[in-house]
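Structures follow.
Heads up, the next two complexes both have subunit A, just with different partners, subunit B and then subunit C.
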Partner chain A sequence: MSYINKPKVAHPSLPTNSLGLTRRQYEGSMSTLCAGCGHDSVTAAMVEACWGLSMQPEQLVKLSGIGCSSKTTAYFVSGSHGFNSVHGRMPSIASGANAANRSLTYVGISGDGDSLSIGMGQLVHVIRRNVNMLYLIENNGVYGLTKGQFSASADIGTKAKRGETNSSPPIDPVLLALTLGATFVARSFSGDKAQLVPLIQAGMRHNGFALIDVLSPCVTFNDHEGSTKSYGFTREHYHPAVEADFVPRAQEIAVDYPAGEAIPVSLHDGSRVILRKLDPLYDPTDRGAAYNYIENKLKQNEYVTGLIHIDEADNTEFHTLNRTAAMPLNSIPFERLSPGSVALDKLMARYR
Partner chain B sequence: MEPTDTSRPDYFHRVVDCQWACPAHTDVPEYIRLIAQGEFTQAYMVNRDSNVFPGILGRVCDRPCEPACRRGRIEEKPVAICRLKRVASDNRDDIAALLPKVPREKNGKRIACIGAGPASLTVANDLLPLGYEVTIFEQYAVPGGLMRTNIPAFRLPAKVLDEEIGYIVDMGAELRLNSPIKSMKQLLDSEEFDAVFVGSGAPKGKELELPGRHDTDRIHIGISWLESIAFGHIDKVGQRVLIIGVGNTAMDCCRSSLRLGATDVKVMARKPRQFFKASEWELEDAEAEKVQIVINHAPKSFVVEGGKLTGMLFEKLEYDIENGDITATRSLGDVFFPCDDVILAIGQENAFPWIEKGIGIELDKWHVPKVNGVTFQSTRQEVFFGGDAAFGPKNIIWSVEHGHQAAISIHKFCQEEAIEQRLPRGVTLSSRKMGMHEWAYKNEYNGAERRLVPHVGLVERFKKINIEVELGFTAEEAALEVQRCLNCDVQTVFTAKLCIECDACIDICPVDCLTITQNGAEGDLRMRLTAPATNPSQALYVSAALPQTARVMVKDEDVCVHCGLCAERCPTAAWDMQKSSIRIPHALDEEVRACPA
Partner chain C sequence: MPSLIAEANRINDFVVKFANVNGTGSASANSLIMKAIFRMGVPVTGKNYFPSNIQGLPTWYEIRVTREGYAARASHVDIMVAMNAETYAKDIRELRSGGYLIYDSTWPRSALLQRGDITVIAVPLAKLVNENFDGVRNRILLKNIAYAGVLAALLDVDLTVISALLSESYGKKPKLLDSNTRALRLGYDYVKENLTSPLPLRVEHMEKTRGHIMIDGNTAAGLGCVYAGATVGAWYPITPSTSLMDAFKGFCERYRVDAETGERNFAVLQAEDELAAVGMVLGASWNGARAFTPTSGPGISLMNEFIGLGYYAEVPCVIFDVQRVGPSTGMPTRTQQGDILICAYASHGDTRHVLLFPANPEECFYMAVQAFDLAERLQTPVFVLSDLDIGMNDWMCPDLKWDDAYQPDRGKVLSKQEIDGLEKFYRYLDRDDDAIPYRTLPGTSAKGAYFTRGSGHNQYGGYTEDSAEYQVVLDRLKRKFTTATKYVPKPVLIGKGNNSVGIVSIGSCDGAIREALDVLMLQKIEVDYLRIKAFPFNTDVEAFLKSHATIFVVEQNRDAQLKALLTLETAVEKSKLFSILSYSGLPISAHPIVDEIRAKLAEAPRLTAVPR
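Right, the complex of A and B next:
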């Protein structure tokens, strides 16, 4: 934890976005996480992504549970809405908020403990319901706040700081999300903002549930020799299979990619994602193939990163599925929200 | 790019912009911190080590440090470095005991200094503690040179001059007043001295030979006119005064005119403001006193009717300016300006009518002595030049630095050592780390704006010629102004092999100085940084290849605020905040001292 705040002074030639805001204006309060924590880089990527999207701060909702990861939401876009929920219960809050007001952009930030242990039952349902939100897991394989016990994502054979070796199999949130039919699944690394920022932007603009599993090393309890989630190990074993460039709406694609090399995917709001396959054998639009590819690579001790699966044609988004009102509840006139006792009696009569 | 070699003293020296820009390399951040701690006497002595005259320079220095100040690149205004120097001077205790000790037993070498200005006084200051006997020859009845005769007392009070010159004279210099040197040959032939230092300044004001110049006695040469005011020979001037020229001397002339009774003072400039030679702050002070500055008027003739000066004729000009250069000039006809007096302030030159030909001191075609730019030695080996006498008019702080360098040369010459072999500059670094996130300096950025120095009111100040206009900072203002200093001498020092490339420093840096990227050529690298490094005068600090990815850490020094957050957020202490002390050798350092038995 630092004793001084990040000063407000900024680089004199800092660029502004279409709202006239600089990147610095998308920051939050000063991080109290350990110096060198991967989560702080995720924070910086969130700031960059929101600035790049020219996001109106009051259009953003940040949600989190409990844990080191869940503190992240305090550190970016201080002018937005936020909810810090009970441990592992962020998906319920997100679902409720989204049901009530579909016009906002929802970002949930969670960790491997909050999502894959205590909150596992919640996570699977928010995926299944296809709630329109970005769900970002800061995955470091340990419980940092309780001093470094293995979490549910710890790999077999990884060593704890105090020496013991893990023998339980890990839960891989990417495979889990693919199994449950998620329509936007990505994996990235906190130390690779060039990859992470466009993934966050695409995930926020995707119509439906978007999961990004971000390997975010715990510099205090899981950055030693023998750990499979250290900065060093990650740099050696994490390989992008597909690069994703995010192209905002109303911006023409500057370069024409040769056919077959780049796959443009149009998002719901008119922006686009340009996928560039680094492995020609890989097809990110085929869920089954993606699952097999990831699993095979894992057997070779290789962790695939990038936009692993995207299905923009899918029409199972929460509101579509439930045929909810197009307007947020707070802008529907009171008379329609509460039609009165006559209407209630009429409704009740149908069940008599 | 090759990894930056930070063991070169110049690398970290350049980062301390103010110290790098100062001709005498005054350790500015160090004395500002001492002022912040209330250690005014120490702050004064840090100044005196390098610039010898903190009280004088705290008022009238040309302050090359301020335009260089990093704060000026982050917000508009630099730290008021010069005015803080005065704070140290105004609030110091008696420093007599802290002055260099002069040995009772002399070394038998005698040095003559010609002119009792800043250059000669610095030579005396540096050589007396080494046991030299120094004699200073001064043509007037008081020492100080142009500091006394050309800078009006309302900017630099006599008391301040007397005090700081007194420190040096009291060290044992022999000051011979009213003793102009009329013949260099005679001085050298007397063999009274082992070496001679010429610090006689540039005392000749430039002429403006136009029709009518010699038909009246109401046209004055600026520096001579100021000198006459300083010595009380002139105490009035006409109502309407035209000043020709727009340098700092012109500013002193126009403000002096106002104090001698003039009510309508115009400074006539040939070109637009961007070409003015005067410092911005001197222009501001003059304009605050309602002096009118008239641009684009070239003097054509003096109008004298019946032996009486009635005014001046000017040619009004119009310019085409492209990228700061004049590309075309057009005349818009003649304009007449009535006046009672004209003061010419268009420059000054060296003049050595007293240096004879054929005595081994070569002058070039402009009658300027040939002087070595490092050693300040002339073509006659025992004669040295410094200050304005060496390379033409500069300013006090340059004269002081010339004096320091000449003193080293004179010492080496008298000790029969090679004068070119001088001690190199050095740098020492020491960590400011005290705890996990605690530093032995105040690293928090203070967003305060530059404080304004209070001035005497516009009526009060004209009552007497020697009322000092600037009052100096109050304690409260000084306390805030010192916090604006960014502590650029507390350096960000990087150890590549410790870095785990977690990006923490890059994410926290408030001014986007840092980048981890593939190495490349400088031009390419500058454009690939988090914020493009577009100021080529500021260095890139490039690390060795990083252990995990072989990329490099690059820091653009340009707008770093030295807040230390990179080091604070670094989990491996790859970044550290270390104070750099630049060692600038003076004559005393050249002295090889035997260990006491």
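Right, the complex of A and C next:
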């Protein structure tokens, strides 16, 4: 297999964003995933989201671990640097990269195996560290790349393609992130682009760690009768609780939302998320209530989707706590980093 | 005359060992004595033998007063300050014949402390301190200062120098200064009034420490990282590397915080484990910051998978391995050079890594800077293989110097203009025929974007499973390692270079070998000594191995790892190499080196004067 480059001939009639770029210019190399794989829909949503944000391609950094899902980073925005690291360890690469340059937008893409088994420790700690990034899990309940073993997100009672039944309880990344105090937690479905795209955009603009768990069916190993992560099952048990519309900075809110139903939340860069509660009982700003709601629905086999929790007032983002200089650390001139000979000569007195 | 030869004149040439209980605050008293001697112009070394425990277990501190300026452990004890009744039996056994034992006679232990060939000096320290001070903790601390006073009197240490040191420490706390000064005088005056002093082993002013400092290697390495312009440090605490990051942080707080805004030009990430720590370093370096992680053996074991990624994806990365005793958890507070092979070949598949071998704290400082230059020039992980002896003990070193003309070597990183000038950017192409490709940093330009991966890739940066394409990259990586030989520091030769017998060694063996060379010289045995400073080995190493008929490879591990690496990576004949190994966990001393070389060469009768 060799490197496949998609030809990028922009059709003159294709719509452009404020940078004058078409959607095609946000694409990456050709996907090598199975036809129909949910992960490819996430790729499409990423393209749409970045185009819609008028993201400068070089301002985006794509990071991933290992797995079919982790390959996604190669399939969108080829004008961005990408780092396909080792299995389960993307969060540490992201943390270091973000420490070095706080001015770029970081998107990490992982799988349920990558994040909830081998990489569980790193996921937990990157949430705790509150690194400013979007962390998207393409959750299919199996290890796709190693041919269909159950992952830690497999539900009790779900059936593998070869027939065994899973009996261990699942780890739910949404409940996990809520427990750990993440300030942006969402769930979506790869088949619902309309819901997913604004979530991605809001997650990229959120100041701090943003997690989106995307149910992303594996057509090859987990899309059969008896699976709880198949397209069919997900569609049936999908429970949107809060829709989120993303309104970029400087853009007027175009739609009129009936009062009481819409909650506008301002993001730190001036853009806004308009939350619309589809379930009047739901309050996305109350972390504890969100947790109980999700857990109860899970017990009823319902996947609550949408922007489950957001807290824009939080200021525990890594660089904020570290009081890191505004200028990216990787660009500070050497003269300002190295104290010089006079300081060293003076320091020597301490060691006599 | 070297101190391995027992002789009458013992002025400025003896070893004092302090036996204490961990957590009783003895460190400040011990370093008070050491610093005072240093300030009298007399070379000293300090070695700390501490337990892997916070409070209660025995701990020892050894000061070698060495007018010759030897850096190694002495392997004998002249004066034992026995302050831990639990270890009296062991401590008294360790004393050299003719030595002195100082103990707290508040509780007389004449039966236990009997040995015909030593002098026992009894001082009722606890009694003196309890009569003069209040408070349990206070008394424990001041008893240490009181024994420092005893030693000052016995060794003729200049009291004005000690007073100056105390004032510097407690200048801003007059109460503490007063109690410490009084405690010091208690011990001092007791000796002057009740005992004969000074001892024949004593200190006299010299002029040999001017332009020198006493510093440990971790402090020097942390400082080196600051001077090298490192901005990201990631770590997971592990003895004996922890104080390296403590030092880096401390210096950054001093030099890297904007006085007005409080903004910090650095980030220290305490990772969840070493795996994450090295991942952070790779992420930060990939993104254009100078980043590093300090660790020790167990951390290196964990980091292996990521180190292979750094090698194959060609990401700069600086790792300080402050080696301790393995295998496994081993003896965390003892020293060894046991990570040579795991670092040289870390991770699965064909990998080879650049290693630097500092011999003392001074080199930790300079090699820290070199490590970043090498990592960025070569786009690969670089290890600085220090050890506990260098990292945590106080060594006398020449003042650290900084050349303000130094500019970091950031390697082949393309700017936006340079990228714009290219027809197309290819990440892994060998454009300069030196096997080092060009890289770009995120945020620079969409045209320079590329995809970094540890999976098979071709020279253009694309994914591949094609054998030929894969091999092109793998072969270039091998050539890159050859290129590295031109950049790594050259070995140091001591001796004429034309002797038939040679010693080859690395790192902290240096002090013991230099001392051994002096002793051998006195016995008319002339040996050349080559201290290797880096792996890959360069042509000077090959030449030395070729031109010497018998070569002793001195190292501090059981399995002769340096020797193994030499046989794997050079053309040397294995049968010419003889190992001298020390792996007790204590720093190597000159003694076994002299003995083993003499035994092997069997040229002269054994010297009875060599003390045990």
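Simple rule for what comes next: the second predicted complex is superposed on the first by the 327 of 352 C-alpha atoms of A that agree within 3 Å, B and C clash if a C-alpha of one lies under 4 Å from a C-alpha of the other, contacts with A are read in each partner's own complex, and residues count from 1 in each chain.
Methods note: contacts are C-beta pairs under 8 Å (C-beta built on N, C-alpha and C of every residue); 3 or more make two chains touch, one makes a residue touch a chain.
Note that this is a predicted model, so its numbers are computed, not measured.
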Subunit B versus subunit C as contact partner of A:Tyr231, first or second or both or neither: first
Touched partner set for A:Ser341, first subunit B, second subunit C, both or neither: second
Contacts of A:Ala35 with subunit B and subunit C, given as first, second, both or neither: first
Partner chain(s) touched by A:Ser190 [first = subunit B, second = subunit C, both, neither]: first
Larger contact residue set on subunit A - subunit B or subunit C: C
Subunit B versus subunit C as contact partner of A:Thr43, first or second or both or neither: first
Touched partner set for A:Arg162, first subunit B, second subunit C, both or neither: neither
Partner chain(s) touched by A:Val86 [first = subunit B, second = subunit C, both, neither]: second
Set of subunit A residues, in rising order, touched by both subunit B and subunit C: 1-3
Residues of subunit B that touch subunit A when the two form their complex: 73-75, 437-438, 443-445, 447, 500-504, 506-508, 510-512, 531-532, 534, 548-549, 559, 561, 563, 565, 568-572
Parts of subunit A lying in touch with subunit B, wherever the complex brings them together: 1-14, 24, 34-38, 40-41, 43-44, 190-191, 193, 217, 219-220, 223, 231-232, 235
Complex interface listing, subunit A residues touching subunit C: 1-3, 56-59, 61, 63, 73-74, 78-86, 89, 91-101, 103-104, 121-122, 124-125, 129, 318-319, 322-326, 328-332, 334, 336-341, 343-345, 347-348, 351-352
List of subunit C residues in touch with subunit A within their complex: 35, 38-39, 212-215, 223, 226-232, 234, 251, 255-256, 258, 262-267, 269, 271-273, 275-289, 291, 305-306, 309, 399-404, 406-408, 440-455, 458, 460-466, 469
